[in-house]
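Paired with chain B in one complex and with chain C in the other, chain A is shared by the two complexes that follow.
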Partner chain A sequence: MTAVAIPVGPELRIAPSVLKRPEHTIEIVSDAGEGAQKCGQIFGAVSAKMGNGVWTVEIIPAEIQPPPRTAEGASGNRIRFGTGPITNWGDETNLVVAFNEQVLLGRHRLGALASDAIVLLENSWASHTNPDIRAAWDKARSELAAQSYRIIEVPMEEQCLTIDENPRKGKNMFALGLLAYIYDRSLERIEEQIAYAFRKKSEEVYQRNLGLLRLGMEWAAANLDFRIEVPTNPPTEALVVMNGNEALGMGVLASGMEFCAMYPITPATSVSHYLAEVFSKFGGILHQGEDEIAAVGAAIGASYSGKVAFTITSGPGFALKTEFIGFAVMTEIPLVIIDVQRGGPSTGLPTKVEQSDLLAALFAEPGDAPRVVIAPATIEECFHAVITARQIAETFRTVVIILSDANLSTGVQPFPRPQLKKEWLAPELDLGPVKTGQRPYEWDARMGTSPRSIPGQPGGMFTLTGLSHDEGSKVAYGAGVHQHATAMRSRKLAVLQQTLLRPAINGDQDGDLLVVGWGSTKGAIEEGVERARAEGIRASSIHLTFLSPLQPGLKEIFSRFRKVMTVEINYSDQPGDPFITEENRRRGQLAMLLRAQTLCDVDCWTRVPGESLRPGFIHKAIRDAVLTLTGDRP
Partner chain B sequence: MQSDERVVAALAALRPRMAAFRFAVSGALERASSTLASGSGSGQARGTLGDFGGRLIDADRFAMISSGAGPLDPLAQAAVECAAVVLETFLRAGDEEFVVDVSPGRPLAAAIRARLATLGSVFGAATVIDQVRRRTYDPAQHQSLLDGHPFELWSAAERKFAPPLVVRVDGGDLDPFELAPLIDGWVRLVLLVTEPCTAAPLARLVSPGVFVAQAGDMKVLERVTDFDGPAIIAVMSGAEARFIHDPRAGSAMWQRIEVTHMPAAQPRQSLGARSAWQQRDDLSHLKALIQQPVLAANPAEVLVAAGSSGSYDPAERLTAWLLDQSTTDGSP
Partner chain C sequence: MTHCAILPLLDDDEREFALGDYEGATARWCPGCGDHSILTAVEKLLVAEQLKPEQTVFVSGIGCSSRFPHYLKTYGFHGLHGRALPVATGVKLHRPDLDVFVVMGDGDCCSIGAAHWIHAIRYNIHMVAMLLDNSIYGLTKKQTSPTTPQGFKTNTQPFGSFLPPLNPLSTTLGTTNVSFVAQTAEWVPAHLYATLRAAYRHPGFSFVRILQRCPMYTQGMYEEAVKNPGSIELLMHDDGIVAPELDKIYKTRATHDPSDLDSARRLAEDSTRIRLGLFYRNEARARYDLLRKPPKVTSSERIALLNQELDHYAV
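For the complex of A and B:
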């Protein structure tokens, strides 16, 4: 196969052919710091506002500033958009704008590109003064030439230098212009979005960016022989477009929580960046502790004093917070913890997605420390989950952990603008006198719940302790007291579980295979199941939002399918690998939980690729699993 | 009513206090609304859980847990609704709620008490709401709180939140002894007195913790804005005495009281219920209040004397002894 390079230049004017597609996936990739992400974010937001379904994912290198022009250093954005709703990042990219051939090579080697992908490649490197760079260019082009990509060389630097003397600062807007032409994006909306994206910059910067945008559009109009139409479906209701971390931040505002204590950690930090801009306008306080432990301590202190506070972190930070989480459980101080998961263990893969914190969220604690764990599956759910979490934390005087992940945190998706309700807000504190004789842990013997005393309430004074205590918060080591208190703290989860609804089944109510997922994989799993069903495979799926306590009815639902298999972004041993037996095989984290809770033989298909799961891979896993059932080897 | 410039000026000076009172009332009204909403059970639970929780959680069951005792009983709900009406009625009313006109010849204190009882019904309403929220509402005990809440029944906290009042009264009806029981908490009474008036009617109310003033204009009200205690001020236009007793000004009476004007002539005629002798005695009382103690110019002598007599408390005796050990120029 030969890559096709079309000649470029203003002299070539071809009536472009318009390719109509129900959806398309594009990537803009560059070295870190060249603004490819900004370009992608603007394109994604504009497409969403024009009425396309959109899911964007950031392509982020593991280091903050990796060496330039390296395959591993690709930074940018992937945008899948279509006429209908888009629920995940899809499989392969159809069009790439690459600022150098090395980052393109990186994406190619990861299998990110469709075999017929169109590539718009900056070509200044071909004539670079450094012979090593020219050699690298030639080598990369030969590797890429073995594919059937359509590579179009674009003189980005040459063009950008006509406006900005620093081409590293202009290529992203030029690339945006290319995409705006190809996909016929609204110039007015792009200008609005640029104004928003550069709202903290000067008018001069804004105007220069508009100039580069128009330059890119003009170049594309003069040189490209194709355009791509992805029909829009203008929304009938007001939509908002944001990433999962912004949605979490807005959920915090909507829930009425007023205190956030955190310590910066990727990929959770941008929640606090967002709150730093707006929280104080709503009476909130954002506190950056000196470390993760101090942050959770401050949040517990704020919760103790009245309203529910929260802390936000990622895996390594969560590990540091465990002792204080136990304290909150023991003292029954309501607390919301947001864990935006990343690859682990240890510092692991800071910028990459993984769902490996589930068991830590559920169990990482000495002693018995039951807590509620919920996992939003979409960016919209990130917003609403915070409201529910606060309500549960307060109602049950317990710790609620929200498990988001790097896929949700950086992904951008449109969803209906929430109609804010006053009832979502934390209620006003009742600082009236406590009932005469009321004790600080006056547990309802059936439900484990107890009224909460707020410091300052007349008659409500007591000594708070993390030691085993009785209903009066008096230190008590007696076996009976500890048994009872532990039962009460645990009972709350059972009571909450009794209020939960059974998970809805996506697909037929029975069949050969039930896929079980949790968190951000919902869209990809459902798309994979849909493709399998289209082939006649009797597969369905459920997606669990409550992971502690688990939603009811699981065992009965499982019994309707011949095989149950979780799909997760965490590690499991592969059957057939050396030394791996049915007895010693380590399974996916949800699979382990479900096996323990239901005594069903739950299998798993899990991967830790450092990126979201692709629906095509899930589809194949489903097909293989069903083939195994029927006795055919996959 | 407010066309009276004095009333307008007095209300303007008291506006921060009026705003604080209104803010407290609106807070109580919010509590009433949230109580009524939470008493409605599953609908409210569905609301508080948000769209996400509403899809995953059985709102009826959750409501039973979150409300503790389930929905409000009809009597409690009706009581909160009545309380909300009381609070809303007050919030809709204008500044006239803070102005009392005493008809000539009518008892001043009775008019003030009646208005405080009416305004106090917002305290009663707040109490009813709190009782319902704590599930301790007892109609027999608490229902009457909504019908008016006499000052005598106000709690210490309620007296700290007392609404300020501007009172227009004839000078002849200004009987200080009637007012004494109303001075407590953060009560603010600004009496706009119509002449004629007795010479020093408020002198009888001077006591260590009370801001008392007879003044010719509203400027004095600025001094009382941040005073932490009860205050009573008469604004007069005749030849009556003018004085300010500010408890913050010193520990001794003569330090706290500042007299800027004394009538040249002694009262010779009765006015209202006050005889001429009583009026002269009011003036004498005021003069007595401003008398400085003998030897006050040299406190050391007083203290030395106190030390030798042994008639003061131990701290004063110790101080006197120390002074006695040193010379008056400070050298050991």
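For the complex of A and C:
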């Protein structure tokens, strides 16, 4: 570990005790706008760069400026970091820095904190001039006293005021200083990261932030009796660290796509924020349409006339785009749609994670509209999913939907730096004449694939239509033509399916329970399985990247386990609840799909808590499922 | 591509396009439908301007008039109801080298696609947008459209249309960054053609409302205007629509300077008579397509740039 010269005066006291931990989970929470997220992001990035496994997630209130000092208004980050790789946000937080007691209460009430958590709490509220605030402080302290937290009061505001007249602006850097001291983070790395985070601000802002950082470190060194060591493991290969939306954005750049049309929607928009900064350098246009429909329409127009284009959205926006998605399937215009899922239905939980768009992604349109649906499971897969999606869309003249979610969008994780390849890039448009006599949909009768002609190509002129059409794109209502054309559009999925790999089994190749997951839950599921296996439970898991078409071999894999159960962040009825029977029970979305496709009795354990699934809960669900199976009811 | 037709081996300059080079399937509109005359005028324009069929895209929505692209032999995009303009926006932003024409009906443009219409005016992307306005939903058989006259009986408002009709000219002229607004009528072919030509030559978003008869559902709506040319007022100006063929028949005229937006709005708002001509033209308006021109980037440059991006995120 890089030794940090802690700038402490000569009155240095007794050396603090150093607690060594294989991993630790911390949170920084504040009112919105106080910068806790920036502090958390910098801490996460620095930890990754120093060689810790890291998973960072944002704690986001739904409003931009929720009322200050409210439990619901908690805003910030959770960072779970360890000596080995970290694949999910974990269970409970071990150390919290809270800017007021109310946001701390919010986290406490959600059960986010370990019972022995260390809490560094801003204490200016205790002596606030407003008696209501002092009363709220006292009340909160007594509620918090029910747990065995170790609460350390920190005079953050008082300290910050010594160098800045607006402590609200700088508290986050002071907090970063506290954490930098406690976890012995590299000062050089932090400075680098602060410089990058505030690259658009003045040198003065940078220097003030460094001052506040040092102040936090000094205060911690002078007042804390502990430090925590989470040994680092300097990476042996080049890594990059970013969140899922940045990874999607970089995937776009690596895919060579040049046109994005979008409409702002949480939690998808930050992909566009990233692209808005850099896309034009890469020859790209990010067009903010007048609405969700216009956005997908413009993407389709661009794709029809050139390189595969894409749109970015989330559930409510996806719903609006469905007519156009069916149109793109019908007219075989390649198109990539990124859906960063949030809680639904309707406006739902705009900033919170859910995996409830799966069936909509597969079936939202009236009519038969087969398309490809893929779900990245990690930040790294977000990057690669876009490249793959572009290639599939072009090869099969089809729509490819990427289902990310709010967990991946704000989760930050290091991963091996991609070695960029030219073949990932969309080739330059070939506007040479089309083959004489080539029809607009010259379907390969076995595969359903066909070459497309693009405006500008002499000899390829045709009128594309969403009406039922024949190979010549002529409107044709005849039963035979519609049957054949529909089969051709569907056949492409079967062809793609045959090129896919069977999912790898995590754990033993057979056993009592197989957990099936998709999307961002992979890390938590595998950790839950690992803990269960450590107890001797015969559980394994698979994780599906392709949801349409489904990967091969599922039925055979399922047959090796006594029970198959999906774990998903969407709703299912709980057995035992009033009126819920085996017959009427509504199941998780992947479970429904797998039951239909494999005729296996796939059970599900799903929750919609508005947060990522905790590995501990999954572990318990696995244990309960296996105990039920063996007749030993939990 | 390895397969070459003979035609494209010729120099562009040597290719000469005749009417037959633009003609697609036989039009299936009703006899007497105004769409036929509009198709003829458009074909005439394509020949006159010698537009390369492969460089020309006609985008339409859904409705009778949106069958338009099928009857041409250019690239055609018969899309979704109300959504022609977003598609055309995508085409033109990604492929500024293409000539883009948009064909919409009154339901398409002024009702289900109204949001796109307003924003397309503001984007002011170089394309010709034709509103084929027959004041009725034809394909779905006589329902009230936004431009149906008040009191006109339809299948959805059988006791007469409740509200005064939406005025597409006022709406367009009232929108920020409007750059070209004209009105013409399908039964005045010389004016129609001259208007489309002016629209095509305007560097920006040209909005042309074409008054159109529907022989099935709005018989008689323009009977007086057709029989009595004097009831129509032509807007005249040296910078306006110039069609000398009309001099002997259309004698009711008003001078209107198309650079005068206030006058254009007043004329558009006055519903006491039908006016044909150029209401407004301003070539100096901001053009979104010109503001959104990214550089050409080679594969190697792309990879180098992305590596620089990754450097920011390197551990």
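Criterion: the second predicted complex is superposed on the first by the 620 of 634 C-alpha atoms of A that agree within 3 Å, B and C clash if a C-alpha of one lies under 4 Å from a C-alpha of the other, contacts with A are read in each partner's own complex, and residues count from 1 in each chain.
We adopt the following convention: a contact is a pair of C-beta atoms (placed from the backbone, for glycine too) under 8 Å apart; a residue touches a chain by one contact, two chains touch by 3 or more.
Please read all numbers here as calculations on a predicted model, not as lab measurements.
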| item | value |
| --- | --- |
| Chain B versus chain C as contact partner of A:K435, first or second or both or neither | both |
| First (chain B), second (chain C), both or neither touched by A:P418 | both |
| Of chain C and chain B, partner touching more chain A residues | C |
| First (chain B), second (chain C), both or neither touched by A:Q551 | first |
| Partner chain(s) touched by A:G459 [first = chain B, second = chain C, both, neither] | second |
| First, second, both or neither for A:L500, with chain B first and chain C second | first |
| Which of chain B and chain C A:D291 touches, first, second, both or neither | second |
| Which superposed partner A:K49 touches (first chain B, second chain C, both, neither) | second |
| Contacts of A:A445 with chain B and chain C, given as first, second, both or neither | neither |
| Chain B versus chain C as contact partner of A:A261, first or second or both or neither | second |
| Common ground on chain A, meaning residues reached by chain C in one complex and by chain B in the other | 254, 418, 430, 432, 435 |
| Chain A-facing residues of chain B, complex | 27, 30-31, 34, 37-38, 44, 47-53, 55-58, 61-62, 65-66, 68, 130, 133-134, 136 |
| Of chain C, residues touching chain A in the complex | 1, 3-5, 7-8, 24-25, 52-55, 57-59, 69-70, 72-80, 83, 85-95, 97-98, 115-116, 118-119, 292, 294-297, 299-300, 302-303, 305-307, 309-310, 312-315 |
| For the chain A and chain C complex, residues of the former touching the latter | 48-49, 196, 235, 238-242, 246, 250, 253-254, 256, 258-259, 261, 278-285, 287, 289-291, 293-307, 309, 323-324, 327, 414, 417-418, 420, 422, 425, 430, 432-436, 438, 455-467, 474-475 |
| In the complex, chain A residues that touch chain B | 254-255, 376, 381, 383-385, 387-388, 391-392, 395-396, 418, 421, 423-424, 427-428, 430, 432, 435, 447, 449, 451, 495-496, 498-501, 545-546, 551 |
